[in-house]
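There are structures below to look over.
Both complexes below contain chain A, partnered by chain B and then by chain C.
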Partner chain A sequence: MKTTVSPASPNPAAPGMEAPRKYKQIAGWIVLVAMIVACSIRTEATPYQLIVGLPQMGSLLQDMFPPDWSYLPTIWGPMMETLQIAILGTTLGALLAVPVALLCASNLGISRWVSLPTRMVLNLVRTIPDLLFAAIFVAVFGIGPFAGMLALVFFSFGIIAKLTFEAIEAIDPGPLEAMSAVGANRLQIIMYGVVPQALPYFMSYLLYTFEVNVRAAAVLGLVGAGGIGLLLDRSLGLFRYDRAAIIILLTLAIVLVIDYGSTMIRRKLL
Partner chain B sequence: MAVLFPIADGGKQASAFETMTESWFAMIEFDNVTKIYDNGTVGLRNINLTIREGELVVIVGLSGAGKSTFLRSINRLTDISSGDIRVNGQSVTRASGSQLRRIRRDIGMIFQIFNLVKRSTVIRNVLSGRVGYHSTLRTLLGWFPKQDVELSLDALQRVNIREKAYVRSDQLSSGQQQRVSIARALAQEARVILADEPVASLDPLTTRQVMEDLKRINRDMNITTVINLHFIDLAREYATRIIGLRAGEVVFDGTPEEATDEAFAEIYGRPVQQDELLGGA
Partner chain C sequence: MKPNTKPAPGKTSGSAFRSRIRFALIALIVIVVYYWSIQGVRFEGIQGTAGTVSKSILQGFLHPDWSFVYIPEGEDLLRGLLDTLVISILGTVIAAVVCIPFAFCASTNMSRGLAVSGSGKILLSVIRVFPEIIVAILFIKAVGPGSFAGVLALGIHSVGMLGKLYSETIENIDRGPQEALIASGANRLQVLRYAVLPQVIPQFLSYSLYRFEINIRSATTLGLVGAGGIGTPLIFALQVRNWNRVGIILLGIIALVVVTDLVSGWIRKRIT
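Right, the complex of A and B next:
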């Protein structure tokens, strides 16, 4: 015989069955708003500042226009240097990231005694911002693009290794098992089971990091690490806002082109 | 129930048998094999049996009866707790590292969900069965000899999808993908094929095509084949020998003729149900 079950009945003890209480949500919002207000007061970053500063912003923009187009030939060289720094830094960083990502992944039979320390080092590398890397390398290797390039190697390495090892952990384990079954050794399993599955993600992360690096490389010059940033710093120091404007416009144009290109390629890959 | 004669000292005895039957070479031997999982579940209990070269054995039983454990212990994708398993005379249980890889090279495996690299081309998936034959460096660079490519194309020809060789694997239907995985086993030049529920993800029509492929390869190339199936009628139709497992123990071992509905009821511990028949034969 069938009995009808009334919706209000049984299992009162089961957690997660009741709708979450409203007051938790409200409390959450209150805390968030209080935090923002507190931060704003402490740092004196208030809407008042914005209003007071507005006229100055206007005059700055006025100084920027018209941009000094005659400055273009001078900045073209350093701009290209910026790109070259980004290309080298991203490529070398990505190459370093491959073995490290493989060592970090938990699904390739790597011992925990290897993967956990490697992940720790990786996390450490990622806590250091690119400008700090650049400043350190300028101190070690002297002013110039080499320090900037090296900074981007480490910066890219951190991002790409982290994202790639997470992509490796998400791959379909079936082909790895199939490769074990045909008698493949560990490197062969990686080459035939892991690489074809993870490669598109790796390429996508590499391109994304390249986009980020072009923008990062543009300001590396501020700490003496080569590229267009040095000229930007100088123009601002000399109050030549018309020249700063042309540098910003050129950077914008190049970043847009690269973003567009890389987005197109990444869409094709995935 | 069929009686089995495991042959320890091969030689004269084996050739004497060959005059009676087509071949009496012990290809897979289970010696007191027991598998108990870490959580206490019994996978296999005290299995003793011999599968001879060229047999097409179908393993039947309820899910959880130990069919997968049985199959996967043969190429040691699952380690057994005690006993010994020999394939082609070599102990799988005691083999280590390169020895084990060498044994696995001769055992093709077909999975329920195909386990192909979907983004790779069909031919690359088939060629991956050849990696055990070459140096690591050579395979990492992907320099397969011309004969390997020929062999792979022939393997695809045998399962009638030669024309799909350079197509990406995920463009294929599931029946075609399963045939690619059979071709991979053929490219391995395997002497044994293990198939773990090879038709469970397929529709009835492709199920028959894949079973026909496996049967034909077993007959034409004399490849010892062990298949896990849950369709009773398919088991009777294609097997030369049926082994029934219940709770990790062999409760039936005989010819398809001996595997009556009553025998199956005994294996399953209950009468045969309609969904255990593929039908349409």
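Right, the complex of A and C next:
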């Protein structure tokens, strides 16, 4: 999330600057509107369709209430499986990310011939969404939580490695220089110079990725990769919207609890 | 790691003991959690066919099905990617507009009272925790499968995050121009137009573009549940194990994501 909070660009003082700027703005808006119109023609997305669909949406919500509370014991097991997938996937991904993050960082004396290609691979891994990984691994390893876990391993590897190598590049170079001046080798520099500074950030990114992964694991079952998503898919297929509602509610509750806990720990870490 | 564990002079041994117990407790909890999760995700062993399957997957990725890129009469890669792009553009535009009133509601300096801004913030975070795939499934039931369901799903889901980012932007604006306008007798609408909007618009656009980058990635998966875009041919190709076609679709997705990231990053740099 790269955001540069800058004050609004001040209006140019010279009056002659005003006109071309304005034309540019108007041209920008025209392009935007034309793009939106073209897009809505392509997807046949019109307000009319939405109005026609709204009553159906309403009846769907009506079918969802009251939720089927008696279904709760059945979905508790798969919900816990979802958490287990998220925990293992995040941890293994983070472990894989450590050496790669060290290779990517430009301030540890690693040759550019190694770090740039590694970064390219990282960028490639991050372009593939978690559900796609899951769909592929289900095809290879069969339906079940193992495929889901592998999908999350790759997904979290991409995120954690990128965030961590950026954190490593931002650490204070003083200790590293002092250590190399007294003759420490590269492993010692990493152990005593880099790790103590980067560890809090790494843990914080790990927890953040865990939050993301819990949400992801909840829908992995839709493509057959274990967890609560499978039951959600089944209840929706059987038109048991009351059961779907209880699944969604439980997912929401678990996600909120985990987000809260993880935010508390992260605040303590940093 | 923990700055607050620095021992106070005089009771060094006691607090060292306590921090050691705390460390042991945390370690114990972590071990229990991992033991429990490994119990859940058992490795069922590699299936006998895994070797040949992996080989054919690798073959497929090395020899992508180039003929799928353009088929004159319908469902091909380019049209799938175009649909994905269009879905994420429309979804982002809808969210960027819809979330503005929510954002003003949720920001503490623009809404009337803490009760309004608090409930606005809660509403936004509730919207945020719904995964977009679940929203997509609900909309498919309402408006039928297709791109439109995907647009609505992305639009609704993005409101949660964009609303939060927008409201933080509004809370961080410089109060000077606003107070000056009020002092010179401007009404609320004029204050909004000449003091607030000029400060927040560049940041709004930048966040919307950032969200657009995320939405492109989500839009590629929406098709897996039937909400249009490139995901639909992908799931068909996966089901019939047509790995050459999976390969070309993945290449297409990677190309689309990389190109949109570059374009959107370039525009964002120029705006802010």
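In this text, the second predicted complex is superposed on the first by the 236 of 270 C-alpha atoms of A that agree within 3 Å, B and C clash if a C-alpha of one lies under 4 Å from a C-alpha of the other, contacts with A are read in each partner's own complex, and residues count from 1 in each chain.
FYI, contacts are C-beta pairs under 8 Å (C-beta built on N, C-alpha and C of every residue); 3 or more make two chains touch, one makes a residue touch a chain.
Values in this document were obtained by computation on a predicted structure and should not be read as measured data.
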| item | value |
| --- | --- |
| Which of chain B and chain C A:Tyr192 touches, first, second, both or neither | first |
| Chain B or chain C, by number of chain A residues touched | C |
| Which superposed partner A:Val212 touches (first chain B, second chain C, both, neither) | neither |
| Contacts of A:Ala184 with chain B and chain C, given as first, second, both or neither | first |
| Contacts of A:Pro200 with chain B and chain C, given as first, second, both or neither | both |
| First (chain B), second (chain C), both or neither touched by A:Leu72 | neither |
| Which superposed partner A:Leu252 touches (first chain B, second chain C, both, neither) | second |
| Which of chain B and chain C A:Ile110 touches, first, second, both or neither | neither |
| First, second, both or neither for A:Pro175, with chain B first and chain C second | first |
| On chain A, the residue positions that both chain B and chain C contact, one per complex | 196, 200 |
| List of chain C residues in touch with chain A within their complex | 1-2, 33-34, 36-44, 46-47, 50, 53-54, 57, 82-83, 86-87, 89-90, 93, 126, 129-131, 133-134, 137-139, 141-144, 146-148, 150-152, 172, 174, 198-203, 206-207, 210, 217-218, 220-221, 224-225, 228, 234-235, 238, 241, 246, 250, 253-254, 257-258, 272 |
| Residue ranges of chain A in contact with chain B within the complex | 172, 174-175, 177-185, 187-188, 191-193, 196-197, 200 |
| Touching residues on chain B, where the partner in the complex is chain A | 75, 77, 98, 100-109, 111, 113-120, 124, 128-129, 131-132, 136, 139-140, 181, 184, 188 |
| Of chain A, residues touching chain C in the complex | 1-9, 35-36, 38-40, 42-45, 49-50, 52-54, 56-57, 60, 80-81, 83-85, 87-88, 91, 123-124, 127-132, 135-136, 139-142, 144-146, 149, 196, 199-200, 203, 215-216, 218-219, 222-223, 226, 232, 236, 248, 252, 255-256, 259, 268-269 |
